[in-house]
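Both complexes shown next keep chain A, but they swap its partner, so chain B is in the first and chain C is in the second.
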Partner chain A sequence: MTEERADPPADLPFRDRGRLAGALLRWETLLLFVGVALFIFNALATPYFLNPWTLSDATFNFTEKAIIALAVALLVISGEIDLSVASIVALASIAMGAVAEIGGPLPVIVATGLAVGVLAGAVNGVIVTAFALPSIVVTIGTLSLYRGIGYIVLGDGVFKNYPPEFAIFGQSYVWWVISFELASFLVLAVLFAILLHKTPFGRSIYAIGNNTLAARFAGIRVERVKFLLFCLSGLMAGVASVMLTSRLGSTRPTIAFGWELEIVTMVVLGGVSILGGSGSIPGVVIAAFVMGLITFGLGLLNVPGVVMSVAIGSVLIFVIALPRILAMVRR
Partner chain B sequence: MNIKHIIAGLSVGLALAAPVAAEDVRVGLVAKALGIGFFDAAHSGALEAAEEVGDMEIIYTGPTSTTAEGQIEVINSLIAQNVDVIAVSANDTDALVPTLRRAMQRGIEVISWDSAVAQEGRSVHLDPSSPELIGGLLARLAHDALPDGQGKVAIMSATPTSTNQNVWIEEMRNALPQYPGVEIATVLYGDDLADKSYRETVSLLQSDPEVRVIVAPTSVGIVAAAQAVTDEGKIGEVIITGLGLPSEMAGHIHSGAAKNFAVWNPIDLGYSTAMIAYNLAKENAEAAPGSEISMGRVGTLSLDDTLSGAMAEPFIYDETNVDEFAEIF
Partner chain C sequence: MNSRVEIDADPSATAPASPAPVLEVAGIGKDFPGVRALHDVSLTLRPGRVMALVGENGAGKSTLVKLLSGIYQPDAGSIRLFGKPVKLPSAAASARMGISVIHQETVLFNELTVAENIFAGHYPTTRLGQVDWPEMRRRSTEILAQLEAYIGPNVVLKDLSIASRHIVAMARALVGDSPIMIMDEPTAAMSHREIEELYRIVERLRAEGRAILFISHKFDEIFRIADDYTVLRDGELVGTGAIEDTSRDALVTMMVGREISQVFPKSAVEIGEVMLEARHLSHPTEFDDISFQVRQGEILGVYGLIGAGRTEVMQAIAGVGQRYDGEVLLNGETVPQGRADKVIRKGIVYVPEERGLHGAVLQLPIYQNKTLPNLGAYTRRGFLDLAREVEHSREYARLLDLRAAHLSQEVGTLSGGNQQKVVIGKWMMTAPRVLILDEPTKGIDIGSKAQVHRLVSRMAQNGLAIVLVSSEIPEVLGISDRILVMRAGRVVAELGRQEADAETLVRHAIGVN
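Moving on to the complex of A and B:
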């Protein structure tokens, strides 16, 4: 908004808009500050941290989750949520494993994973939009359903007949220490930022999240947008599934178990309002790095995982409460 | 002048720092998950080994839940710390392989213990025991429980297709010629279900009163069989033995339904793992088929063609030690 503009009339809530934009800006700045502080802390606390390969290894711990978080962020902004994403990862991985087992070529394996992801997302979307059901309930249902199908197909078995070239997606590097996974995440982040912040589709997501009824009156096809967002969330779960399966080189039905909580944490930490209507992609991207820095830094200090969960929970509450605390202090 | 001073200072500093850094063998001991008594006991065994050799540091770690992804994060951080050895009890035989191979490429010795990693992702694997040792011990336990070593024995197995139990029972039969008085009357299948194992035991007790000992090489079956003997009022008449967990069997040891049972000792397992890690890092032994690696007080590990080896015969628990271990696992 660079064009010159007359002072707003006193009766328009311009001050609120200004404050909102300012708060959002502050949120990402704050998060960035937390990230830099964590980076410095890690570098001082352990001699092993400041090594390009170490940092590269660290990114593997969160890039797949962050890719899914990009799409889940859009859903949350629109006022919906998808808790079945980790189960979609498992379902897509099992489908790819089955195709690999019968000797399917690499492009077919990858296409299967992505297609199963979109399909599972579409099922979520249809149930939510056609029956006007709350997505939190629907996707808790499909969370069990999709992984349940995985257990029925695979039981306690394993699929591991992936062709050697399949390792590209989860184990290769595009340049020096920049892994294929990290590069894909950064490219997808830019695409999602453009989609959300620079297109009419992105603006309609905000509109739906802020006031569905008003959005409907403005001519936005609410159900269609939501359906597409669920498909997108499924597609990103499929992308993450390709990478994770490639990184592990094998599939079991427990793959990506419990990831939905970490993904939702990333989205909320990134400043996306859990009530819908606000949030940004840069925020989610920074939040992904912050979470990665916390878990990897604590891992280097050999802090047990239980303590790590406590630390992540505390940081989440602290970061979310901080703007409120600052506002109270200012008054 | 100045530069010389700096170089002199640096070399003194290096000389002072080097012995500590170069000699301490740092071993990352990775559990399936933290907070499990079995692995905590293995950790205490590893610490015992570290104290014994003097120049070994144990980094005990593991994920919060038994997932392969969690273990990979932990292994990544051990790689970053440039430890000398990673010793892992794997949550997934295959999924850890790519990460562990990267560890090996960066010069880290990788071994697995308790639960194996596929061979391409490790050098040595330490099995707590072997089918021969387990079968031999089961035959001996049956013989010792029979009055004068003579009489009929029944076996309470899991399912007819349970690989482990079938192999152990086969090895037990192979060991029987050493104990001529022992006669296997029947093999029951409780499917590793408490109620089915219980019912099978009850009907055996009623149909064949000559059976004096029931050997159950399954932790579910042994508890169910001991409960059936107790409920049928046959304590002292029929003795239960086999493989079980101290925490589940302590009560039946005290009641007399079982005199003893066996399972691997997690303390010895952790101790042996640490000793093997130390000896490989110090190049006292090499990971090659047929090679022998010292495990300190526990003995010597012999590697087979797949670089696996068995630690020892399962450890016997009875009235004297069951309570101490019941608190662990």
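Moving on to the complex of A and C:
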């Protein structure tokens, strides 16, 4: 149990030396190998895969979800979860569609999408923190609520009067095959990694997720941090909504339906403990690419969508069970 | 229902004056990493007699109860039931063999009915294997009537008073007709009238021939109800005998009589201005009219039994506990309530008693724990300054003689004493003006204890005002300049260094004068 030196050390080293084996066994490293294997598999399965434009197209499958997953990862590390994100995407998209219908200019449309996202996230945050309710239940409630509002507003109609310039968010390329979406995801990933791993705010997220009471005793304002994380999750859903709506060019109330499953899968696959307290942004980023490769590979094999959701569900359960299975094997 | 206890005893030991023991514990011992909880303790329970188990906090009473109820396994010694050596591998086994325990905090199901609670785990069944509800209700009423408690079997437990719940817990213990009953401070949360009721029940159980082990540190109660006593101190047996052959004074002496040599005494320090002042702090249920002052360089000891409200007051001041009426002043300025971050920034820090629960984030590395209360100081332009975190953590690791492999080691992998050094260090690193320590040496080895005492003394020398909450009398006496004694949420005595001795403290704490 204890791992201590007998002699009083004058100065403690910062880190154990010679932990290469430990680094190699890290989840992120294993995941990277899985990703490479899937890449090779896809390349062998079809000659078209290695075409840069095919690869570029493949990224559209997951970048919007991955952007949301970055924020949901922070929430899960803090011990909370947001399952309403896909419904927030829909709500934001409908709000943007409504603004576009009455001829609102591009900046107003985008601002509306982002603002609705933040607002919906803030509502989640207030309910969870002010009433000390479990977020899994609260956000299942708002999942239904936000989506329901969308149905009431739009019925079985469609908003599609977006100005032509709106297409840049989901359909343009910043350089050669690098889409605006992919570039945004990579930039956001770097920002989130800095936020989580290099700032006091990120440090408090880990402390809260591991031991809320000790965090509180250390003067961390637990409710405030959690509220901000819900807002952030809403904001990222808003960002994803702008991109998705722009890519599709229209809004229906079923937009982004069921995305929360894939987003949570990405987060957990990325090594974030569903119980809170551990995980990293690089892990989530690698997981996003792995998920993209899985869905693309299954697509190449002509696997229908229904079977694909079976595969994703299986991945989710397997990854959650893996630590337990390993513990059982070790015993 | 026949509740008479049949005793399968060795006939040669039977004597009319002193019936054969039902339970004999001989030379039992239990060690935890770094702490010897019990050493060579023996105890004999006889039918129809109530044995009081007495001792200070941490004397080993609870450990003994846990050994008898099968929760812990002894490292040494033996347990004999009805003359036969037994092992008690689990709580279920212990219950099956006739030992039932009523814990301090009753373990019951609030959402279930009284009858369901009484029979939980061994519901009577019909031939078809269904729960026999009429039988269960009938027997519940019967057992409750035995206890002279007329509680309806269909009442949901959460609608009952605390005292009635204790009676339900006792009824539950009676279901198995256990010949041996252990009651772990059952009166701790009861009112006077409820306590009287409990005494009647205990007397009744005794008359039925059960052997009862009654844990208490209330002297009135011990002399009211017990036939025999056993005193534990520091995990060792210090005395046992019949109540009629002893006195309150003799028991108090047995409880506390110990040398104070293990404590590093505080060095003489010039006492400065008043730093922290509490004025009439009150809370509806936890504490009442608490006032005190602590000066620069001074160590204020706060003694009391568990449940006296010491921790509640200190956590309220630290902004992590209940809100209070009254006022806390630091250097004459009001300290805000309910905001630990502001309290810490003002310079008041609270080192909590529960190391793993409140003190440290066990899963995080040492250095991250150490900088947590004051992350702002390790931030440059919005980003954490890792080099500074490591440097400062290393400095305090050296100061506190922290034994670890490296600074990135998870705190949970350290021993208790070293975890405590991390926790104390993390609060020292905020450069506080007032340090409130809650049981800082609980559960750590002797060597680490001495280091903690030396450290506290040195911090006083550096001009900090220190509040030391402790249940260890030698610690309080050895290191404090003044001592407050709390009982039942109030300050009942304030003693100077000269007037305080172990007996006086205990007398005030338990309310015997």
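Keep in mind that, in the parts below, the second predicted complex is superposed on the first by the 282 of 331 C-alpha atoms of A that agree within 3 Å, B and C clash if a C-alpha of one lies under 4 Å from a C-alpha of the other, contacts with A are read in each partner's own complex, and residues count from 1 in each chain.
Throughout what follows, contacts are C-beta pairs under 8 Å (C-beta built on N, C-alpha and C of every residue); 3 or more make two chains touch, one makes a residue touch a chain.
Remember, it's a predicted structure, so these values are computed and weren't measured experimentally.
Peer 1: Output check: A:Phe318 vs chain B and chain C. Expected answer is one of first, second, both, neither. What do you get?
Peer 2: neither
Peer 1: Under the stated touch criterion, which partner chain does A:Ser278 make contact with: chain B (first), chain C (second), both, or neither?
Peer 2: second
Peer 1: Look at A:Phe33 in the shared chain and tell me whether it touches chain B only, chain C only, both, or neither; answer first, second, both or neither.
Peer 2: Neither: A:Phe33 stays clear of chain B and chain C.
Peer 1: Counting only touches as set out at the top, which of chain B and chain C does A:Tyr173 meet: first, second, both, neither?
Peer 2: neither
Peer 1: If you stack the two complexes on chain A, which partner ends up touching A:Ala256: first (chain B), second (chain C), both, or neither?
Peer 2: A:Ala256: touches chain B, not chain C.
Peer 1: Applying the touch criterion given at the start, work out whether A:Phe217 contacts chain B, chain C, both or neither, answering first, second, both or neither.
Peer 2: Only chain C is touched by A:Phe217; chain B is not.
Peer 1: What is the contact status of A:Arg247 with respect to chain B (first) and chain C (second): first, second, both, or neither?
Peer 2: The first partner, chain B, only.
Peer 1: So in the superposed three-chain picture, is A:Lys198 touching just chain B, just chain C, both, or none of them (first/second/both/neither)?
Peer 2: Touch status of A:Lys198: second partner only.
Peer 1: For chain A, what residues appear in both contact lists, the one with chain B and the one with chain C?
Peer 2: Touching chain B in the first complex and chain C in the second, no residue of chain A appears in both lists.
Peer 1: So in the complex, which bits of chain C are touching chain A?
Peer 2: Those residues of chain C that touch chain A are 33, 318-320, 339-345, 350, 352, 357-364, 366-368, 372-373, 375-376, 378-379, 382-384, 390, 394, 397-398, 401-409, 413-415, 418, 426.
Peer 1: Can you tell me which positions in chain A touch chain B when the two form their complex?
Peer 2: Where chain A meets chain B, its residues are 46, 48-49, 51, 53-54, 57-58, 60-61, 158, 160, 167, 170-171, 244, 247-250, 252, 254-258, 295-296, 299-300, 302, 304-306, 308-309.
Peer 1: Which residues of chain A touch chain C once you look at their complex with the stated criterion?
Peer 2: 1-6, 8-16, 194, 198-200, 203-204, 206-207, 210-211, 213-221, 277-278
Peer 1: List the residues on chain B that touch chain A in their complex, please.
Peer 2: 34-35, 59, 61-65, 67-70, 72-74, 76-77, 79-82, 92-95, 97-98
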